[in-house]
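Have a look at this one.
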Amino acid sequence: MKIGVFVCHCGENIGRTVNCPEVSKACASFPGVVHSEDYKYMCSDPGQNLIKQAIREKHLDAVVVGSCSPHMHEKTFRKACASAGINSYMVEIANLREHCSWIHEDINQATKKAIDLMRFAVERVKFNQPLETIKVPVTKRSLVIGGGISGIQAALDIANAGFEVVLVEKEPSIGGHMSQLSETFPTLDCSQCILTPRMVEVYQHPKIKLLSYSEVEHVEGFIGNFKVTIRRKAKSVKEELCTGCGLCAEKCPIKKKALSEFDEGLSNRPAIYVPFPQAVPNVPVIDRSVCTYFKTGKCEMCKKVCGREAIDFTQQDTFVTEDVGSIIVATGYKLYSIDKKPEDSIYKGYGEYGYGKFKNVINGLQFERIASASGPTSGEMLRPSDKTVPKKIVFIQCVGSRDESKGFSYCSKICCMYTAKHAMLYKHKVHDGEAYVFYMDIRSGGKNYEEFVRRAIEEDHVNYIRGRVSRIYEEDGKLIVKGEDTIAGLPVVIEADLVVLATAMIAQQEAPKLAQTLNISYDKYGYFQEAHPKLRPVETNTGGVFLAGACHSPRDIPESVAMGSAAAAKSLVLFGADMLEREPIIAKVDATTCAGCFYCQKVCAYNAIEKKEIRDRLGNLQKVVAFVNSGLCQGCGTCNATCPSKSIELIGFKDDQIFAQINAFAEV
Amino acid sequence: MNELKQICKDALSEKKARFIIGYKEDKNKRIKPFIAKTPEDAEQLTFNHHAVNNLAVYLPRFKNNVEGKIGIVVKSCDLKAVTALIQENQIKRDDLFIIGVNCSGVVLDIAKEFNKDNTQIKCKYCQAKTPPYYDALADESKDFEMPDDDQAELMAKIDKMTSDERLEFWNAEFEKCIKCYACRQVCPMCYCEKCIVEKSEPQWIDTSSTARGNFSWNIIRAFHMAGRCIGCHECERACPMGIPLTLLTRKMGMVASSEFGYRHGMSLTEPTLIGTYSTSDKEDFIK
Amino acid sequence: MKLGYYPGCSLNGTAKEFNSSLKEVFAALNVDLEELNDWSCCGATSAHVTSHILSVALPARNLLIAKKQGLNELLAPCAACYSRLVSSQQELKLDEKMRMKVEDLLEEKVTNGLQIINLIQIFQKIGLDKLKEKKQVDISKIKAACYYGCLLVRPVDIALPDDMESPDSMEAIIKSIGGKTVDWNFKTECCGAAHSIAHTDIVEKLCKGIIDNAQKHGADVIIVACPMCHSNLDMRQLNIIKHYPDHKPIPVLYLSQLVGLSMGIDEKKLGLGVHYISTKPLLEKIKSDALPTEVKKEVPAPPVSNDKIKKGVEA
Amino acid sequence: MEEKFEPKIAAFVCNWCTYTGADLAGTSRLKQEANARLIRVPCTGRIDPVFIIKAFENGADGVLISGCHPGDCHYNAGNFHARRRWILFKNLLDFIGIDSSRLYFSWVSASEGKKWVDIVDGVIDAVRAKGPFKQYKKMNKEIEIPVAAEEGVSVK
Amino acid sequence: MKNLKAKDFKQKLIAITSQDPAQCYQCGKCSAGCPVRDFAEAPPNRVVRYVQLGLYDKAMTSPTIWLCAGCQTCTSRCPQEFDLAKFMDAVRELAIAYGVKSADKKTQEFHEAFLKQIENFGRAYELGMLIDYKLKSKDFFQDVDLAPSTFSKGKLSLLPHNVKGKQQIKKIFKESGEVKK
């Protein structure tokens, strides 16, 4: 092998403390080195030309450059060598600047070290192999999991860019929590008025395939090439026939049995239902757990009245598979609202606030429904127990949030704002009413947010009391709220008509399971983990899987929308090229010596190790060996170090390359 | 005795196993591994204090077994090897018919009678006379008072040495090594198709029997056994030079237990030590 | 069933009716109580409010005696004693330094393994079915407010495994003997406890609040399992009557007394005569309509249940 | 031959955290001693204990291994697997007589240039104080060509 | 406060309670649920605040620490898992150790009287305690009307019960006092 060595002075940067000509001279004597020279600026055009020229003239097989950190100019020199006909992976960089000249003062020591570093690189390059970047085709289609505002935004952005989107929603309708809200902060515009057009746009978009009442069951493959299995839960209604006339729901004899999920249990719905009038798709589903037909085999009222014969009691769950290149996870959040400690639950609950025990203790989403014009009270401010107008209302913030003992240590971020909004909405509807807010701190960072809170206090005269409430109990139809005003240092007891708990936003219960399906990480709360907290906030550790909205952490609407768009942009970056290029630094198995212990599989963080059967010509199983899925392998080499017989090796960092470097240490 | 024979006979005649790997007594009254293929063969199967061999060493060759179940006679220590081999995909549980024997200790020197001075080290600290799981169990145990665990005392002594003394101790031991690899051949967990010492590109471990080569070989062997060694002590029994190899493997087992609360080969459901991690693994030694 | 018994100071003095009713009830349930030899005070509130080490060491002495006596389970009917014993045990288990200090003091090694149980737990252990079997007198005429106070339900991780805010294990016991309970809001509010003597005014106010709430929700009797709660609610009601002329007295019974009543045990044996607030009206109410309303309707009833009714009348 | 002993340190570092941290030390011009030679691997998970043995065989007086902090691994969990391996290997070496003053481990992130310098200098100082790794070199002597045996170590 | 070393107080407090007062984020939930809140000038969370600010003398002289009934409602509801009941015990203990003049002499005297009975007899001797307490507090007339009925109900015994292991108990008292120092 003919090796060329090039020592860069980097102006004075290396040359000041490293005697570059001497290094170059020493390198010339290394076995295998046929060319050695030094130059002021190797990375400059003339410097690169020196390398190219030497490659051509001396027919070099490999090149070692002594210069700055490989993180700086490895790519530059690889490109230069490739243009002169050497495979770019036959280039090694010795870091003479960051790791030598800049950190040492003694010229003799530094020069000696530089020679050692060059020797390491020369010995290593002897075992380098020509490698080609791995090219993987990209399926230019995206899967969005979750049809809340974040998922809707992501789906629309990708679809509008001209790529197909599969949108999976587990509920019968898309819209998510935003569709339940009455008004939004800090503008107090109607939530449904701004959301519904988006939902319709999704439904009508030719590039969006909407799979409602469906859940992701299984995912295989890797970035650019995922194969996703989706369970389509049986709606008991033939979607293609249904016109959404609503007659079935109207005639369903089960009117009071089921609590409306959409109204957060404040109203009832029939067994066959659409969650809310503006639902998309406007196709009802039968809740088999309450339907008379499914319980007794009789009734069939909906079937009788349906003119389109769309009701199908025999429908079963079906499975569809979709090929996609990227996956956007936008599964949202749920609210922490538990009264007593439920058995086998990780949540301790809030017995002292009596949620679930007292009808007039409700959570934030329930208040949204009461305040909403489409809600159970048609927007009239009436409390659940006796449908009277509450004259005194108490809002309690941080229930479950910032509570290590009974909830979660994090701040749910949106409660300060929505509580201010609630108090405002209340005051706008009940002019003679009194509103109290128990808070610990008001966190109103955001455009026009602080102004909004001040407006609630100064213009609408909401009473803000700093302190947590200790207990709530009911006497004579009044809720006795025992608190403390920590600013005045005085106990506060309020006899309230209605109490609204700003309960914590928490991760969906199924989040860890989905994370395992997608092979992404999640934090101790069950929120999905981003790849980097600062620079890669919507990416995950699995290539091609992106995050949007409150499944990542508590987020408000504008943030969820922004994140949806960001995740869409990340997908579109992926779709920008036909082929994905990847560094060829991946593991490879030597099937002849692999004993199939699969320790490599155990240590692989990417599920990249598969089982492969080796058969003889007659088809008899010879053995089962490990096999690396090059799409999934990220090149950490943990398998290589774990394999007792070194039957799996990391290309680019193979044992012989490192061995050569360590052996070169003998001459240090 | 009859019980074991009966179990094996039944297993073979009822086709619960297509053959049984067990022990028989040869003409010279020595106990040897034996494969019984028919119920008649089973008449020759036996078990006593001289049944030292760990028969699990034969199992990996049946890892692609497709025919019928393989019967195997195991002591509780041997069963650990079976467990480990199942966990490492060298044999499938479904392919095995495990005949456990209650064991009250085996001999160190097979030429001599079983008594207090002729007991394997492993038996002295054996915690389970009965294998933790099996398909059939033969009770062959007799009451026997175990002598003291003198190896533990030796280990404690080594622990007390200075590191230089320890290095000297081990160099003196490893110096004896003739690189015959008997320790590897006899080990049920050494099933690699090509041992690292035989890999020549690169040659991580010198093959020559020099101080340095011996040192590397024994360290790496012990490390490859860490969390995997099931303590059958066959390596030490096989070593022609009498190197106390199990000091190393037992030490690694003790480390696995003290650092990770891990005991290998006890349960099929417990994850392996290597290949898993805990975010709370100790790191007081890492700056 | 044999059980270690740590009565505690109160049950020898101010709460002797707790002691006697408990012994009667357990005799009827065939539970042998083996009193701890030469037991000493747990230190009560006074120890833990003034000296941490004392609050661990005093109960520890008793724990050691129990171990020496070969007891595996120790009944501490007084909620305060229970709390002190359990807390001390817990601390000795978790705090190495404290354990060493206490071992120095007691000149003995502390060992674990003793299970300390309170009144509610022992009834649960015996089995609510068994209580139901032993039931002879109908007590469904009266409505009970179960008062847990502080130390049965707190601290949360070592006390009774029940909901700290609205527990219901005592209610379950009373229901099993055919009693009726009321749902009220002050089940676990503090009565003022040790302030009984030094700050009678505070205790008075707190007790007034508790009693008012129980009565408001229709209670005829307050049921407790703690001598301190009892003395505050019962004895201090005399002060309340003095200061609030329209206060309606309400009797306060130990859980064991009510269980005893349902078993048909003699009222005197149960110590129902030594209360400050007379229990007579309550007993009369139970007896007044000896035949409970639902049984009345059933007449003529089948012979088997006739027997039961008879027994009920006799008792 | 009273030449001052200068230890040779072999350092195996991960590409993403420690190597970059060492780059940062360079760009910050943080001076350090010149006894360490870095060998770059993608992840601490790639480091096989044979590397350490081989480094000692090749005359290293001390070995330093460094990677990303737990939880920061570029490859999710490589350093967790590595850490478990180290615990075992360290105990093994200790039992055999190679004590912890020859083998060092650290977590150095890409932003901890200063920490890296402190660790390198600390290791060099410690190993310098410990002196040359005579015991291991003695093993090497057997197979080395006599020319190399010029240090004051007696050949057995 | 004479010769009071601030550093010592906090260290001792943390040693007794195994928790740092910095854990408290002053939400006031403890005070809101405190049964004796209405009788205390300073709410319990303020006592923690005093300690957080280093105003140890204010904490130790606060009547609130003696008003605490030890009901642990605060502890069980604290969102920061701060054991306020334990904290109160420790501040009281330190107040005694530092010889701080109690702001609520009555309560302190009651506890001292109670413990004295245990030290002397091994068990609480209620009559002795009452006499002792009344001598100390000079509060002779309180409960005077209750006494006759209490005797007649047999609820107060005239003689104390003597525990055999009295010597051991005396030793516990003596040495635990020394351990504290």
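Going in written order, the chains are labelled A, B, C, D and E, and every chain counts its residues from 1.
One rule holds for everything that comes next: contacts are C-beta pairs under 8 Å (C-beta built on N, C-alpha and C of every residue); 3 or more make two chains touch, one makes a residue touch a chain.
A quick note: this is a predicted structure, and the numbers were derived from the prediction, not measured.
Chemist: Of the chains present, which has its C-alpha mean closest to the combined C-alpha mean?
Modeler: Centre-most chain by C-alpha means: A.
Chemist: Going by C-alpha centroids, which chain is farthest from chain E? Tell me that one.
Modeler: B
Chemist: Would you kindly tell me how far, in whole Å, the mean C-alpha position of chain D lies from that of chain B?
Modeler: Each chain reduced to its C-alpha mean, chain B and chain D end up 34 Å apart.
Chemist: How many Å are there between the centre of chain B and the centre of chain E, using C-alpha atoms for each centre?
Modeler: Averaging C-alpha atoms per chain gives centres 63 Å apart.
Chemist: Compute the distance, rounded to whole Å, between the mean C-alpha positions of chain C and chain D.
Modeler: 67
Chemist: Roughly how far is chain C from chain E, going centre to centre by Cα mean, in whole Å?
Modeler: 24
Chemist: For chain A, what residues touch not just one other chain but two or more?
Modeler: Within chain A, the residues that touch at least two other chains are 352, 471, 603, 642, 655, 659.
Chemist: If a residue has to touch 2 or more other chains to count, which residues of chain D qualify?
Modeler: 54, 77, 81, 85
Chemist: Listing for chain C: what residues touch at least two other chains?
Modeler: 164
Chemist: Sort out which chains touch which and give me every pair.
Modeler: A-B, A-C, A-D, A-E, B-D, C-E
Chemist: Under the stated contact criterion, what part of chain A meets chain D in this complex?
Modeler: Interface residues on the chain A side: 69-71, 95, 97-100, 102-106, 109-110, 112-113, 116-117, 120, 521, 541, 585, 603, 605-606, 634-638, 640-642, 650, 653, 655, 658-659, 661-663, 665-666, 668.
Chemist: Under the touch definition given earlier, write down the residues of chain B that touch chain A in their complex.
Modeler: 60, 63-64, 66, 88-90, 191-196, 199, 201-202, 204, 224, 271-272, 274-276
Chemist: Which residues of chain B touch chain D once you look at their complex with the stated criterion?
Modeler: Against chain D, chain B makes touches at 158-159, 161, 163-171, 196, 204-206, 208, 210-212, 215-216, 219-220, 222-223, 226-227, 248, 251-252, 255-256, 259-260, 273-279, 281-283, 285-287.
Chemist: Spell out the part of chain D that touches chain A in their complex, as residue ranges.
Modeler: 8, 10, 19-20, 22-23, 25-27, 29-32, 34, 37-43, 45-48, 51, 54-55, 58-60, 74-78, 81-82, 85, 117
Chemist: Considering the complex alone, what residue numbers of chain C touch chain E?
Modeler: Result: residues 9-10, 12-16, 38-41, 43-55, 57-58, 61, 95, 101, 104-106, 149-151, 153-156, 164, 188-190, 192-195, 197-200, 202, 205-206, 235, 238, 274, 276 of chain C touch chain E.
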